[in-house]
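Structure first, then comments.
A, B, C, D, E and F label the chains in the order they appear, each numbered from 1.
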Amino acid sequence: MSAKDISIPWEERPEECKDVMWRYSSNPIVGRYDIPSSNSIFNSAVVPFGDGYAGVFRSDNKAVQMNIYAGFSKDGINWDINHTPIEMKPGNTDMIDSDYKYDPRVVFIEDRYWVTWCNGYHGPTIGIAYTFDFVDFYQCENAFLPFNRNGVLFPEKIDGRYAMLSRPSDNGHTPFGDIYISYSPDMKYWGEHRCVMKVADFEDSAWQCTKIGAGSAPIRINEGWLIFYHGVINTCRGFRYSMGAAILDSENPSKVLYRTQPYLLAPNETYELTGDVPNVIFPCAALCDGEKVAVYYGAADTVIGLAFGYLDEIVAFTKNNSL
Amino acid sequence: MSAKDISIPWEERPEECKDVMWRYSSNPIVGRYDIPSSNSIFNSAVVPFGDGYAGVFRSDNKAVQMNIYAGFSKDGINWDINHTPIEMKPGNTDMIDSDYKYDPRVVFIEDRYWVTWCNGYHGPTIGIAYTFDFVDFYQCENAFLPFNRNGVLFPEKIDGRYAMLSRPSDNGHTPFGDIYISYSPDMKYWGEHRCVMKVADFEDSAWQCTKIGAGSAPIRINEGWLIFYHGVINTCRGFRYSMGAAILDSENPSKVLYRTQPYLLAPNETYELTGDVPNVIFPCAALCDGEKVAVYYGAADTVIGLAFGYLDEIVAFTKNNSL
Amino acid sequence: MSAKDISIPWEERPEECKDVMWRYSSNPIVGRYDIPSSNSIFNSAVVPFGDGYAGVFRSDNKAVQMNIYAGFSKDGINWDINHTPIEMKPGNTDMIDSDYKYDPRVVFIEDRYWVTWCNGYHGPTIGIAYTFDFVDFYQCENAFLPFNRNGVLFPEKIDGRYAMLSRPSDNGHTPFGDIYISYSPDMKYWGEHRCVMKVADFEDSAWQCTKIGAGSAPIRINEGWLIFYHGVINTCRGFRYSMGAAILDSENPSKVLYRTQPYLLAPNETYELTGDVPNVIFPCAALCDGEKVAVYYGAADTVIGLAFGYLDEIVAFTKNNSL
Amino acid sequence: MSAKDISIPWEERPEECKDVMWRYSSNPIVGRYDIPSSNSIFNSAVVPFGDGYAGVFRSDNKAVQMNIYAGFSKDGINWDINHTPIEMKPGNTDMIDSDYKYDPRVVFIEDRYWVTWCNGYHGPTIGIAYTFDFVDFYQCENAFLPFNRNGVLFPEKIDGRYAMLSRPSDNGHTPFGDIYISYSPDMKYWGEHRCVMKVADFEDSAWQCTKIGAGSAPIRINEGWLIFYHGVINTCRGFRYSMGAAILDSENPSKVLYRTQPYLLAPNETYELTGDVPNVIFPCAALCDGEKVAVYYGAADTVIGLAFGYLDEIVAFTKNNSL
Amino acid sequence: MSAKDISIPWEERPEECKDVMWRYSSNPIVGRYDIPSSNSIFNSAVVPFGDGYAGVFRSDNKAVQMNIYAGFSKDGINWDINHTPIEMKPGNTDMIDSDYKYDPRVVFIEDRYWVTWCNGYHGPTIGIAYTFDFVDFYQCENAFLPFNRNGVLFPEKIDGRYAMLSRPSDNGHTPFGDIYISYSPDMKYWGEHRCVMKVADFEDSAWQCTKIGAGSAPIRINEGWLIFYHGVINTCRGFRYSMGAAILDSENPSKVLYRTQPYLLAPNETYELTGDVPNVIFPCAALCDGEKVAVYYGAADTVIGLAFGYLDEIVAFTKNNSL
Amino acid sequence: MSAKDISIPWEERPEECKDVMWRYSSNPIVGRYDIPSSNSIFNSAVVPFGDGYAGVFRSDNKAVQMNIYAGFSKDGINWDINHTPIEMKPGNTDMIDSDYKYDPRVVFIEDRYWVTWCNGYHGPTIGIAYTFDFVDFYQCENAFLPFNRNGVLFPEKIDGRYAMLSRPSDNGHTPFGDIYISYSPDMKYWGEHRCVMKVADFEDSAWQCTKIGAGSAPIRINEGWLIFYHGVINTCRGFRYSMGAAILDSENPSKVLYRTQPYLLAPNETYELTGDVPNVIFPCAALCDGEKVAVYYGAADTVIGLAFGYLDEIVAFTKNNSL
């Protein structure tokens, strides 16, 4: 069961709009208080599940403890999100310590759903778990030593091994960060680390000159793998997060074929410009039925927004406006 | 004459609201330009006075000079604020130097009103003054050496001595800060300093993990002393200030009995999310008639807001959601 | 042809307003997306030209590359801005390298229009160009070594030499900065550097205590030269930019006669409080017909606003509220 | 029993030397390993005691735990230092917590010896203890809230109250610091804080432009109070500590009468230029018999040195070379 | 062939010395210019090899490029070091990129010698290579993503897997750092990361309160594994590196049994207190014949020193002085 | 009268030495206390003068005030330095303000000696003066706006204009810095600024990867212009300054033909490794008789050293070891 078989969330491009991607007119689709104890619900990931959708949601509660919650939806727009966070069971390890969990991604590989997130173990690193039903989750060994964030799995094995994008960092508001890829035969031991994509020069593409990180799980297209990613510029009022796209080589995804010099989406709506962390657009998931694309993104570290586009237009734009 | 004898500002909880505390629907109650020369009026304190209320207000003028002003109100909501700042007379000292004054608190003890504020004397420290009528103010010795902020007096002597909460700091946008208590036999000499309350661990309660400071004067309740305080988290866009509550031991207030893990109020309204310093809720005073509570808070370092709650619900919430 | 001969943009002071300067009710006059490829259009400069106006506009495109664009207007309010940036031709040099261009100013001297801007040549410095028609622009030698910003030319030679205000800085989000003056016999070699105006003490005028920079080209008045300038305060959420005015001595403009202790305009409208860099008012040009003044300012590093005032009131206010 | 009645350590000025103060030729007088468990012995204080001398010594052990030790000497040069640190007994308080102790000073007032030091209580502050015999020490309330260092008591009450110099600071390698005075009726409550002496301008006296702190207990002279203090300059290789002198007003010691613009002693010998913290001269005590002066100083945070001078020459130099 | 079968470098404890470990009287054993092109030779590792010793040496050349060189010695004291750096051949990977190499360690496991070092691959991480003869070296996959330093392998497999200590860090002069352990079935994929040992509290053992890193390869003893490690304190003149020892559990080496609270060796000799980076003792190797121990350490980032001790004394000291 | 006509200071290369440049065996040639009031004498410049030599010396006095002093010598080794600093007279300007003066250079052009130095005018910039006799000095306009250091004039006009190398910077211990060239028709107005030489990549030549600055006045050679310059690396103990050489194009000196990848001289002697700022070698002048070269350099910001080399060997080394 993949996104290609079901109808994904969609709204046509507004008449006056000439952009490659546009926002859903009823954004935000999830409000900050939609879980009773929550302070904010944002940076979250969804996948097709059964005859609808399931997702893993980041919610910070009113103590601003960061955790992840399962949720379900018929249409991908209206969501029932559990009121209690996911409780992990031991997967391939008993060491499932976690000071906090945030910024989840979800991907289906072979026979199950894999969740990755930023896991607090002596600092941020990449947590991994699998589930068959979004009810029972089995936590595995952390992929890496601290400090790391934005771990995103590929939806297929590559050359017989699992593959993951991530962004090594430090343990604060890291002012740098590039995207790497790593491989694993068994979701326990990781190696063969390669650099994939670095920040841009300020002169070339300043919106992504401070740090970048993978957003949605890669989408297989004819040209290779399409990913949506976030880029950051450091202004005199702090970081500003925007969204771009890149196309990676099919067989060797550490090779970047194209990458948008302009951003695809940058903070402009009130729910993006105000909130707990203003001026943040942070994509964590994308649905694609082969023709249309729906991107889920965190807005202002407070709520969830949805943006749409046609796959061929996005790919063409990425190729024609490559850095 | 105390708050118990008069009607305090009040508006019932909105129907759809399930929060312990809620905002006044006509917020902000004081606008940024309500003094002709002002740039902003915020972080201010009020007390019952005569058959109404009096207060001490922080206003930064259009040169952004920080000073404190007296004001009066019949209902605690509509205020007449003087257009010129308070001019201090010598109290228990002739040394009443002050480069600036900001963030006042007011409390009635025995026979007079005591004002504390952040006083500029070779850097920020705690200024003290008393008044009988909010017309003549008598400035006393600063309580401490620099650097200190958020000095809040208890409304009663404890074991025969005045007691003050404060937050030692440095002289910039201090990125750390805990609450201490100090005692004085005479409002001149201070000692017996004890640590009361530290920032929370990031994992436990991130909204208060960077620094905390006392807000309103402690309110005597059966369980001890109730205080509203601010907590700060350092985001990648700067500090965000929220409000929580704590209950201190009656006889030994350096002992924290309970303290809210979740915040009670965090920036969400437009007048809190935009302004000179967005995302700031900074409580400086609370009125309580024994049943109802009205908290005055600065919003976005620009205007003044009012929030309400039932005392027993706030106490129960604090006990049931303690860190 | 000067501003005195034509009608400048104008709107009377609103009835309830008692401020010296007030905003145009239809602000912003230029939107962030008014150039198809743009992310933002702000910090820009205009001058009388022909029977209307011409201008040089800063626009960051969607790759957040910073460049300057020519534009034309009949009324100074509705603008036709070119969709492609200015392409420079060699003026008094062949070395016209430029990693980026931003924050332009324009002034007419003798027989032509001179444009200055922040030019990226191994870091920010002051770029200079001239044009007769706003079609062909001839770039000259950079005025100074890096690092410098906010270069503003006087509209007349002083003692036979060109004169320029500027603000030496470093190459980041400079946390300091004062205004200097320099002279040149030929727009190629610069010298006789003098300090003009320093930041204010925090206690005296905090809105301008972190850094200051010249805004509009100086306007000749009876008392000397009137300039609008920006001042910055560093809050715990980053820099906040406001606008003040100063009057420099007619014959020796390194001598400051008066300078506003209060600001004239500070961020308060939604288009100033939200955007790519909230809480920024950044003046780059002023039109004056001898009686009325119209100031063009960048708002929130996103759009352009217009503010008005009577010349004699502004001058009187500056003299009566001098630091 | 005071220093005037006994012979203090002394060595005549070397023939070729023209400086006001000169080093003891057998420096260092205490080596870094003179306590078996020690890593270093430095920044220490001595006083006349019985028919000889007693002292309190800072020694960091080989775990680099900082503590203070009692020691005794017949001649002030050869010292027997205890091998175990001072164990405090409760004085005017039971709260004698101490994470660490360092940089002691000692002074005799009325009937007993008072020791002050930098005491670790939620950060550095000023610890106080008294002893009659250098065997039993009774710890009192800390003088101040954190953060503070270099607390130095006057050897007499002033206007019936104890008086202490100190240097408010932060909790790291503080890059700023001025000298203040505070008073106490009872060695428990402290108040009436006044600024005494600030860092010098870089242009005037750069060796003391970053921070300054009181060194030896004040010595009563005809002109008022003579103190030796340290001054710090921040070089591109870190802090450099040198020694100067100041004369404070007799009745109002917050008033500085004279203060050396040149330093009296700066790092130049091998035991000052190399060690755990190179380029540090840090005076903590001075003996004076009315004619001759012997200053004890820590060298390179590793050992103890001794420097000599004639009182009248030092006073004359301070008056003739005052900042 | 192990160290137990041959005589290791040795010099008896000096008579007056009561320390557990003491320096070789002819230190430094390798000078900074012993390779003609070198600026410094330090932080290097040696092992028994044939009937003598082999080693891998860090040398920075006069362009201050960091690289590693093979060397040979009959007695472990007098060394012939190659004049050209090691050229790596592909081992279990073709990706043998390296911007720089420094701080090597060497250990013999089963049938070959394994070298680890700090490898420049988009920042510092842990490089791995093996050799049979110290002539041909075969480089393997880097163990981890950047940023990491001080990778040290165990000389035996543990539970069938290779085991490595390392210190996750950032990419500058990292001001923090703890020791972790990771496992690999094949020297290619690494996982099951566990925290082993953290910095000490400042109050408990300040010499190791800023960062720590493994030094020599673990030595199997009855109690488990003995390692020598470095600890760092941040002084106001920069970092100071000292050496301690720890004993890890035999079967679960992430468990620390004992760890020296005092250091074993700290900078005190001229060749340790002066040089390119003064006050650094940095152990990288230890030889042990079952009775005696010889530790090789870098001194002042400039030369190599040798220190000695009796194994049973070192173990007893570590157990009796454990943090 | 040039260096070619007189014998320059010289000592043959020691037998065992294989370096291109070597130190004078009687270094330092000027001690730190050679002026009675001085704390240090270093970073100074000399030229042939009459039948001997004259120089301008940086001396910090015991208040650590920085100033420059004239001095004279028969042999270039033994110096008589004035005990009072140079008092400037107005040259081409009356504005000869100076908060401090340091790091002078001297060069003879056409008919007089030109002195440049780091001049304190609202921060560091380049001061200029001329003298005919080293008795009367005439100060000219500062060359640039602040912030700038290390201004070094060419000994000939280039294309009819004066030429100066300098290093734009900020106003602290600048952690970056490249070398630029600027031209002037009249020593008053400066322009046509070009970048000459940037810091090296860490991997290529780390000793010069943090900042670089011109040292001696350029020497005309067949290949163009030879300069000695300093390079800085930022270690965990602060900056380390070493010396390299570069050859600039004869007609267009903004073009670097060759530049040493290895350093020529780096701190190694005790007077370089200890002092006020350890590990500093800072060249400010070079004498050349066409065959032999003598370089004067500041050592450890404390004293002056002398180093020698053969011109042809230095040039060959620079060409053969170019970055």
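Throughout what follows, a residue touches a chain if its C-beta (ideal position, glycine included) is under 8 Å from a C-beta of that chain, and two chains touch if they have at least 3 such contacts.
Given the structure is predicted, the values throughout are model-derived calculations rather than measurements.
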{"item": "Intersection of contact partners for subunit A and subunit E", "value": "none"}
{"item": "Required minimum of steps from subunit C to subunit E, each step between chains that touch", "value": "2"}
{"item": "Copy pair subunit E, subunit F: interface residue numbering same or different (half cut)", "value": "different"}
{"item": "Result of counting contacting C-beta pairs for C-F and B-C, higher pair", "value": "C-F"}
{"item": "Inter-centroid spacing, subunit D versus subunit B (mean Cα positions, whole Å)", "value": "40"}
{"item": "Mean-CA-position distance for subunit F and subunit A (Å)", "value": "55"}
{"item": "Where subunit B touches two or more other chains at once, by residue number", "value": "237-238, 274, 278-279"}
{"item": "Pairwise chain contacts under the document criterion", "value": "A-B, A-C, A-E, B-C, B-D, C-F, D-E, D-F, E-F"}
{"item": "Subunit E contact footprint on subunit D (complex, rising order)", "value": "32, 36-37, 39, 60-66, 99-100, 120, 173, 237-239, 274-279, 301"}
{"item": "Footprint of subunit C on subunit A - complex, ascending", "value": "18, 202-207, 233-238, 240, 261-263, 266-268, 270, 273-274, 278-279"}
{"item": "Of all residues in subunit E, those that touch subunit A in their complex", "value": "93, 95, 121-123, 125, 141-148, 166, 168, 170-171, 176, 178, 180, 182-185, 188-195"}
